[in-house]
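Structures given as structure tokens follow.
Same chain, two partners: chain A is paired with chain B first, then with chain C.
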Partner chain A sequence: MINHDPGSSPPLLSVNKLRVSFRVGSGINLPVIDTADFILEPQGSLGLVGESGSGKTMLCRTLIGTLARHGAVINGGNITFSGQPITNLGESEWRKLRGHQIGYIPQSSMAGLNPILTIKSQLSEVVKHSTGGSESEVRREVLGLLERVRIPRPTAVMRSRPHQLSGGMRQRVIIAAAIAQGPKLLIADEPTTALDVTVQSEILALINELREELGMALLLVSHDLAVIEEMCSLMAVMYAGATVEVGPTENLISSPNHPYTRALNTSRTDKARPGDLLESIPGDAVSVGHWPNGCRFWPRCPIADLDCQDGLQPDLLAIEQRASACIHSDRMEVTD
Partner chain B sequence: MQGIIKQVGSFFQHSLVSRVLQAVLVSFFLLTIVFFLLRLIPGDPAMVLLGENASMGQVEEYRKLLGLDRPPMEQYVDYMSNAFQGDLGVSILRRQSVVKIIASRLPVSLWLAGSTVAMVFVLALPLGLLAAVYHRTWFGYFFRVTTSIAISTPIYFTSLVILLLLAVKLDLVPIAGYDPEFPKNLRTLFAPALTNSILLAPVLARILQASVIDTMEEEFVEAAIVRGVKPLRFMWHYLLRPSLAPCIAALGYFAATVVSYGVLIEIIFNLPGVGMSLIEFVRAFDYTAVQGFVALTGLLVVATTLLADLLNAWLDPRANLK
Partner chain C sequence: MNNTLLECRDITVKFGRGSDAFDAVSGASVKVGENEAIGIVGESGSGKTTLARVLVGLQTPNQGDVLLENKSLDSVQNSAGISQNDRWKVQMVFQDPYSSLNPMLTAKTAVAEAIQVWTRCSKNTAMNEAIELLGDVGIPPDQASQLPGNLSGGQRQRVSVARALAPKPKILIADEPTSSIDQSAQAQLLNLLRRLQEERKLAIIFISHDLNLIRYLTSRVYVMQKGDIVEQGPTEKVFLKPSHPYTQTLIQSIPGSKSDTTKIVDNSGV
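For the complex of A and B:
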């Protein structure tokens, strides 16, 4: 595990050897995260990358305390937020944390807003907590929120319902709701997946501006390395429920220490030259419940040998600022 | 020109006027089908009314009197042109205007249907919502088992159990009969409505449960939880309202079921409604009365569909009815 510098203030978020499973029957658990490790400093930014099914979304749900309603539980490790343990919080304690301390931007701009309520009605839910005030006060607050996320014609948008807005506008409203209570940490689960490229960069720019303005830390989930590279100084790569490599984004991209990180990097479409064959990772991503023994990536790994196929998923091994779970990371240079 | 045709088309699809036209059309087709089907059944009202001892001549004469000797097509045109002027003819059995019979019988059936639907919703909404929220716990299991039992129990058995419990053992409601006065009639309707609800509420609750479970998976619900939306507001605006559409759509099915179960229930609980007299009229080959009752059912089903659409428009502003 990466060591936190003991001299500085406590990290904002620290996830230690976290294990999460679905409860499928009485006493039967199906692991989805095993194990996740990373640290996020106040006002820092960390990108979570991985294929679908690698546990990224479940990790977000762990951090917003909604595992139970998806039939999952934490069964190992610990999480601290601002120095406080939040691994076993009850619902009422989560209620104090959510929104005020941790903001959340859901995956799709399409389904992220309630289709039957007006924008004003949905945003007033968040401002009422702070103002508790009159109709005109709530209205002014909501208008202020919409202006903050740079929505043109906010008075008209306020009266509309989600289906009357474009995807980008909807995502701006969702962001407005997430930052309304001034959280210290913003969790964004693939916030731009459903948007087209120009809108995507606008939304990312908005998130960056708001981060600076409010001093928020950002946990950004994406399967798009280009997005992570642009937005996050740190990066954690997940494969089959485990963080397999963690460290500064530029280092991980320029000299990956785990074959999976390298494979993700070489299969990027934005770096490919016209006419080149696109590289892809051989085989399929392993799904929950079908993880192999040993390092879970070995069936698809170009440098795997017999040592990789036995025992448990290897732990992250820290080297300076970064950590990799590959037992053969020293061979990475050679095989390039 | 095409624009005009398009406008006229959308007008017919959406406007209230088109609903009324639709009701007229449905009733027209229903009446046509029933008119000829009834006449295909062997036997006729003259034979039933005169009894077994009547001679062929007497039966023929009676047929002539009722106008049944004329060619069916002629009778049909006659009947339809009267029907569209609001005259549904005279009951052969009762020698009374069909419209008057319906008018005297309909309120009982409407009260029964109304109280049934109200009771079904009052039972099914909280049950379905709870069953969805707690579907992973023992309550979800209990809900599945009990609703299966309730749905598969025959109505004559359920009604007897309810009568035995509520009327005989506890003496809370009258065992049979109807009081036409408004607040008092609810007491006489309680047991029949409950019987019907025990069969229908589980169906609705299950539809709602499945729908709410789907809604709970939506991103906006997750986001609302993180925002910390107040519990009551969350239950109504985030779980129930977005999940009600399939339940409202089921109202159409319910309208038909409430009517058909209503026939049995009116007999069991001795309620002087439409259903009870319908059986009597069918047995007697009372062509005009049966036709009138069937046209009424058609109108009721169309009216319920309209009601469902209006409800949907209120619940989900995207489905707008002009």
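For the complex of A and C:
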């Protein structure tokens, strides 16, 4: 577990030894997260990286209480939000939290919006819950929201339907809905994956501005280390359902303590010199249901030995501000 | 640049009719030499995929010529019969390996099919060659017998590369080859493409919105915006000293370019 200074106020979000499994038939469980461990302070920012199938999206679903819709359950560990346990909340309790305290930006802006409703009617639904006010009040709120996410010509956009907007504009509408009730935590699952690079940089800048304005913490899921580097002071790396390294982004990138973190970093094209061979990770990411014994990364790891191949996935071992699940992290050479 | 292998001149492609008509590509000219790696960058809608489709012969341009080894691809196109023309020399690796492979064909059958189309050899010969070709792109025989559904995104994309290599082409056009696969698989694929370029003396045209990838892989680059090529030149030079404002915006937008992101002007329309 990562150290949290006991003298200070409770962390905003604390995920402890979290285990999540898919329900497959009666009693048979297929683990998809085992285990996730990290802490996010109020107004902090944490980037969650990992390849597809590593459990990033399932972790987001856990944190917005929608696991059941995807046929999964929490079967170990606990989560606290603002000091309160939220591991076993029911749907009615989640409704008070989701949107109000925890905002969520999904991966695809098209999937997050109803294609046949106007932007106004979709955002009205979100603000109605909080204002409960008259038509004109709701309209004013919606207009205010669109202005807050810097949408040009907001009155025209209110009348539009999602397909009439560009991908970047749709993502702004999604963000408007996510921040409508001033959440303390914004969870963004690959918010810019489908967007062009210039639009991506606008959306990321917008998220940063809103964080500052509203004092929101950010949990950003991305497979792009450059994005995490720019947006998040902390980083958690997931591999095959486990957080394998957690700590300040800068440190994890400059001197990783887990071979997987190191490999993610050395296979980046933005850090490679033209002409150099990229250091790729041999083999393919292991999929859910096919995790090996021992450290799940050992079949692809350059420093693995027999000690790595037995038993369970090693726990995170904390050293000062950071933690690694590699039992041989002392053998990691400093990159560059 | 070495001898020009493939060239297109003043290509214009129009889509739509009447008041909806627009030029997806307007007056674009691109060249690629033997064994050269070039890049075409731009945002979605800039016309880069349409231009790639013109280069490979999947899209007939409204204006302009495509010359393969100084012969018009157009004139060849009109004489019927696939085997008579030189189209095989230009092959394409598509963006999405999930939709570009037939889900009902095993990896080796998919590659063998491509080999048979181009060489008209026996099924057995084609199958053996397919297994060899798949081995070369890092797909071992046991995976070669799998359906695409049982392969990872990276593996599928390597199968697509093997399929494109079937007729022993001189030019490979890779349209966003890594956009739908994981980072570690991405590095494997990029290393593979570079090795193939060297070993097979291939020319490669990379189409991408990923500027880092283009910078890493190519020696010359064309920057497209709204159907126009707005800038071209040696890749390093374009990256270090972009002259067109659009190229400058693109380069500033690269995450980690440490530019002040808040300063970027909102130029995305509704």
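Rule of thumb we're sticking to: the second predicted complex is superposed on the first by the 333 of 336 C-alpha atoms of A that agree within 3 Å, B and C clash if a C-alpha of one lies under 4 Å from a C-alpha of the other, contacts with A are read in each partner's own complex, and residues count from 1 in each chain.
Operating definition for what follows: a residue touches a chain if its C-beta (ideal position, glycine included) is under 8 Å from a C-beta of that chain, and two chains touch if they have at least 3 such contacts.
Owing to the predicted nature of the structure, the values given are computational and were not obtained by experimental measurement.
Enquirer: Does the superposition put A:112 against chain B (first), chain C (second), both, or neither?
Expert: So A:112 only meets chain B here.
Enquirer: If you stack the two complexes on chain A, which partner ends up touching A:186: first (chain B), second (chain C), both, or neither?
Expert: Once the two structures are laid over each other on A, A:186 reaches no partner at all.
Enquirer: Report the partner of chain A that touches more of its residues: chain B or chain C.
Expert: In the superposed model, C touches more residues of chain A.
Enquirer: Let me test your reading of the model: by the given contact rule, A:99 touches which partner, first (chain B), second (chain C), both or neither?
Expert: Only chain B is touched by A:99; chain C is not.
Enquirer: Does chain B (first) or chain C (second) touch A:69, or do both, or does neither?
Expert: A:69 sits against chain B, while chain C stays out of touch.
Enquirer: Regarding the shared-chain residue A:223, is it in contact with chain B (first), chain C (second), both, or neither?
Expert: second
Enquirer: If we overlay the two complexes on their shared chain A, which of chain B and chain C does A:281 touch? Say first, second, both or neither.
Expert: It touches chain C, and chain B stays clear.
Enquirer: If you stack the two complexes on chain A, which partner ends up touching A:86: first (chain B), second (chain C), both, or neither?
Expert: neither
Enquirer: Can you list the residues on chain B that touch chain A in the complex?
Expert: 136, 216, 218-220, 222-230, 233, 237-238, 241-242, 315-318
Enquirer: Which residues of chain A touch chain C in the complex?
Expert: 51-52, 150-153, 156-157, 160, 164-169, 196-202, 204-205, 208-209, 223-227, 229-230, 263-264, 267-270, 272, 274, 277-281, 284-285, 287
Enquirer: Going by the contact rule at the top, pick out the chain C residues touching chain A in the complex.
Expert: 43-44, 152-155, 182-188, 190-191, 194, 209-213, 215-217, 235-236, 249-250, 252-256, 261-262, 264, 266-270
Enquirer: Where on chain A does chain B make contact in their complex?
Expert: Its residues touching chain B are 61, 64, 66, 69, 71, 95, 98-100, 102-108, 111-117, 125-126, 129, 161, 163, 174, 177-178, 180-181.
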